[in-house]
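Handing you a structure now.
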Amino acid sequence: MAVTDPPERRALPVLAGAPAFDAPLYRTLLSAPGLSVLAGALDELLAWGSRNALWVFPMATSCCGIELMAAAASRVDLDRMGTIVRATPRQADVMVVAGTITVKMAPRVKALWEQMPEPRWCIAMGSCAISGDFYRNLYSVIPGIDTVIPVDVYVPGCPPNPEALMHGLLRLQEKIKATRAGTFAAPELNPALLTTTRPSIARVVDADRDPTQSDQQTASADHATASDKTDARPEGSPEPAAYEAVAPDASPARDFADLVRDEFGVTDIPAGMAPLVETAKHVALARRLRALGYKQLVYVVVSHYAAKTGARAAPERFELACAVRTVGEGSRVAAWRLALEPGEAVPTLVGVYAGADWQEREQYDLTGVRFAGHPDLRRIMMPEDWVGHPLRKDYAADTACPPWR
Amino acid sequence: MNALAHGASYGALIILTLLTTVAMGVWFERKFAGRMQSRLGPTMVGPVGLLQSVADVVKLLNKEDIIPRDADRGLFTLAPVLAALLSLGAAAVVPFSSTVVAADLDIGVIWVVALGGLTVIATFAAGWSSNNKFALLGAMRGIAQSVSYGVPLVLSVLVPVILAGTMSLSGIVAWQTRHHWFALWPVIPGLPALGLFFLAMLAESNRIPFDIPEAESELVAGVTTEYTGAKFVLFYMAEYVHTLVGSAVASVLFLGGWDGPIAPGLHWMVAKTLALFVAVYWVRWSLLRYRSDQLMALCWRRLTPLGVGLVLLASAWALFAPGGPA
Amino acid sequence: MQTQSARRGRVDPHLSMRDYDPEADLMLLHFGPQHPSTHGVFRMDLHLDGEVVVKATPYLGYLHRAVEKLCERLTYVQQTPVVDKNDYVAPMTNEQALNMAFEKLLNVEVPRRARWVRTLFAELQRIASHLLWLGTFALDLGGALGGGSTLFIHTFRERELILDLFEEVTGARFHYNTHTLGGNRHDLPAGFDVKVKAALAEIEARLDGYETMTLHNSIFVARTRGVGVLDGELALELGITGPILRASGVDHDLRRDAPYGAYDELKVRVAVEQGGDCYARAKVRVAEMRDSIRLVREAIEGVPEGPLCGFKPIRLVGQVKATAGQVYVAIETPRGELGTFVIASPDNPTAPHRLKIRSPSLHALSAIPYIVPGATVSDAVAILGSLDPIMGEVDR
């Protein structure tokens, strides 16, 4: 059975009268008397050069970046078509956006795009870069990189195979050729799509940027924005919690349940649940366990329970779960919980386990529970100026991330 | 007047040949690296990808020329030109055969070493004027490295100079033609001096394992981080010309230059130069990179004492060897 | 200013820049989030004195994809393909950790065959992941235009062999979505063992060469030995697990110490090194690759017959329900302890009330403010590479 190409693969959409590609050398030649006859030949040469030396700037954020690397490796070998990877945007022609772009990352992508010299192209590799994939409607992910920078070729897949990326680059070559020949026009977009998913890009435009200036003058954008504090500890934050040396406890290993019952006054341990400890005894328990050989902090998790009405009415509350682990053969985990009122601060574990630092910052960032005595309680995942705490139940997962939704 | 015409014509010839060789050399390097990495390298542009370098240059010349807002505009533009001029200028005194030489200076050795050493000014100008921290770090590393490796480079060059008793590159080759290649005899100062020269040349032209001024994985692209299009082409070309001229000088100093049986001298010279050129690639695509302090330690603790020792040995040989150089 | 942490003989990561010598003329270098060797979108702000790092401040969250929030909206069976994207270098381990937690929460029995197949895949995944790490680490040390890329491309070639195996089983190069509640979706195809053995033989033969190019290469040794030394106590306190912890002299491996899957029958030889530096980390990972090759060979022989999934194929995603309970399950991935903490609540029985993914890379990165100061910029790149962070699971 003969297989024919689908018709749309044969040729790109054609529209006469599209503006020819602008190039400095080309312009100079056109303006020189008598030399303009060479312009056609030169145009061919420049187009040939441009499409046969597509150097890639890898805007690789996640999974697709691995396939981008695989495409440069021996099985696919992008170097066959003259494509190499350049680490600096100044020497690249194609930005391959490979991976999910978050609200925090998007301004950087824009800044890097602006640093690339014309002529430049962009390939959106993978469904996250194209549309946001299943993260599309989440608070921190932008719905496609084409809301930030113009995209020339979309390479679908999750992630696309390296072969698919190569195909995307070949399609880009066709597009460059057609653009130069004046036979390419962008395919028509669905107007409805434009109004619903293409917001303004006000947020990603640098406020200091003078729109009358060309990229040439402003392109050396410092890639840190004002919201990125360089100084780790915010003004007026408390001194780090005092660290007390914990001498190893020589007494024989005890059952964790017995320990919390005898020494920490926990009477009722529900089956399949960690014991509920008083907040005031949180640090003391951690220190005691550390002395008993639980040397490793496993997790600190805060969960939020929204206020409920009706038959099972309950006030809003938080619960902190924490676990530590012994090391070596027969490793045991000791886990406990704290019940927290809204607004109640938890004493920090940083003085006992240094690893609690980022764990508690993450919980503070995502749930808003404060850790008293934490030396560096800043947001860790979300931008500094973010409003709200995403993992609270009253924070909708699809909360608008302006300006994208 | 005659000498001027001779210099101009041969100079143009040599520069054209060098540039063509560089273009082909880039293609060859990509093919060579491809083979080392069990892939193909360029295949699609022209027959077996031969036109790849041409496409690269055409494309780069066509790119927008960006000068960062806060850069020192004059210096930023001067640096790549300086780099290209200095590396091409060194080629002027290299004798490719007994007749093919643009300017046969009496102090050719000094000219080559001096121009090689001056490229550090271009590196520094580029790093400083870019107003980019990665470029600045790259420039700092480049200066430290070039200045340090200039010492073993000079010491290794002194060996053939002492043995042949002349500073003219043609004179050194002529001596080797009459007697023997310095890499072959006397073995002890000769062969290690070639090795020392090769290492110092790798460092001077920023090739792995000494490519720390560029160091893409650390400094993005080092001193060339902010350069686009045509200016980047000049840097890129200067780097390759530097390596090529270095290989040529090594062949002249240690491998007898155009000396060789049967085939004409020019063929021998080209063959030796290209062999060393390929050796640079071979090293480049095999090894990892040193850290800058390790590089300095290697230079000052190992290579410089070695160079001093070799110079002393060469002097002793020149003074006392039976039938040695007069 | 003498702070508490400084008294412990450690770098104090919270020391404010105001406490540094104002005359020192330090340079601030933004390293990332887009940089050739940040392994994704990680950012460090390095305060440099010349080339020596005085203070390193990491910044995360450039790939925060709200996975935990998303999982609260999806039913238990829908979540596997979502977590695939967390540790995108070893996606199958994410599926395993998540589904093991759900199985424990819902009391689902996993057939023996499924446990063996999962173990087999996990070990193959470990080889692939460490191969990728070796390649990218060489890239960090040797650059994209040099010997580093030669090693990188060679290790990628071997990694492709394993991806081919996975592709044959699941149809995908990665993001497999093959684990499910109570077992696996895709059975081993006919002749799979022959192909696995052929691929392993090839990898094992070439691994010797890579070891020569790295562990026995004097430049590699000079660049890694004594660089980024992390002592075992600090590593434990920071919650660092996996090869990094074992390279710091702590003999801890969940596959042996808290066995799951088929590890109660397959005996893991835990590689431990005392150095705590980048070299020790490289050595541990290479040793783990060799041990994994052995384990895969044993596992492929020992996969028992029987059903592959204890659950009937689930057509209605809302069928699986849990109303109470808190479960934490951890497995040993190529990067360390990957845990899943699930809270079920009666409010929404088909989805977890709270799902927390405890990722090893997040903890590994938290060592940076302690071990990078004092190193040069080149070393910082080597240290970051040796920690093998995957930003997908750091930021989630």
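Going by the order they are written in, the chains are A, B and C; count residues from 1 in each one.
Note that in this section a contact is a pair of C-beta atoms (placed from the backbone, for glycine too) under 8 Å apart; a residue touches a chain by one contact, two chains touch by 3 or more.
As the structure is a prediction and not an experimental result, all values here were calculated from the model.
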Both-way neighbours, i.e. chains that touch chain B and touch chain A: C
Of all other chains, the one whose Cα centre sits farthest from chain C: B
More contacts between chains, B-C or A-C: A-C
Intercentroid distance (Cα basis), chain C paired with chain B, Å: 43
Rounded Å distance between chain A and chain C, as computed from the means of their C-alpha atoms: 18
Per-residue multi-chain contacts in chain C, two or more chains: 35-36, 144, 153-154, 157
Where chain B touches two or more other chains, by residue: 37-39, 216-217, 220
Chain A residues counted as touching two or more neighbouring chains: 73-74, 87
Interface residues, chain C side, partner chain B - complex: 27, 29, 35-37, 48, 50-51, 138-150, 153-154, 157, 217, 219-220, 222-223, 376-379, 381
Chain B residues touching chain C - in the complex, by the definition given at the top: 33, 36-39, 133-134, 137, 140-141, 208-209, 211-212, 214-220, 284-294
Footprint of chain A on chain B - complex, ascending: 30, 34, 37-45, 49, 51-52, 54-71, 131-132, 216-217, 220-221, 224-229, 232
Complex contacts: residues of chain A adjacent to chain B: 23-25, 45-46, 48-50, 52-53, 73-74, 77, 79-82, 86-88, 90-91, 93, 115, 117-119, 215-220
Residue ranges of chain C touching chain A (in the complex, touch as defined): 3-5, 7-8, 12-18, 28, 30, 33-36, 40-41, 45, 55, 57, 59-66, 68-70, 72-73, 82, 85, 88-89, 91, 132, 136, 144, 152-154, 156-157, 159-160, 173-175, 233-234, 236-241, 250-252, 254, 256-258, 324-326, 328, 330, 337, 339, 341, 343, 345-347, 353-354, 356, 358, 362-363, 366, 391-392, 395
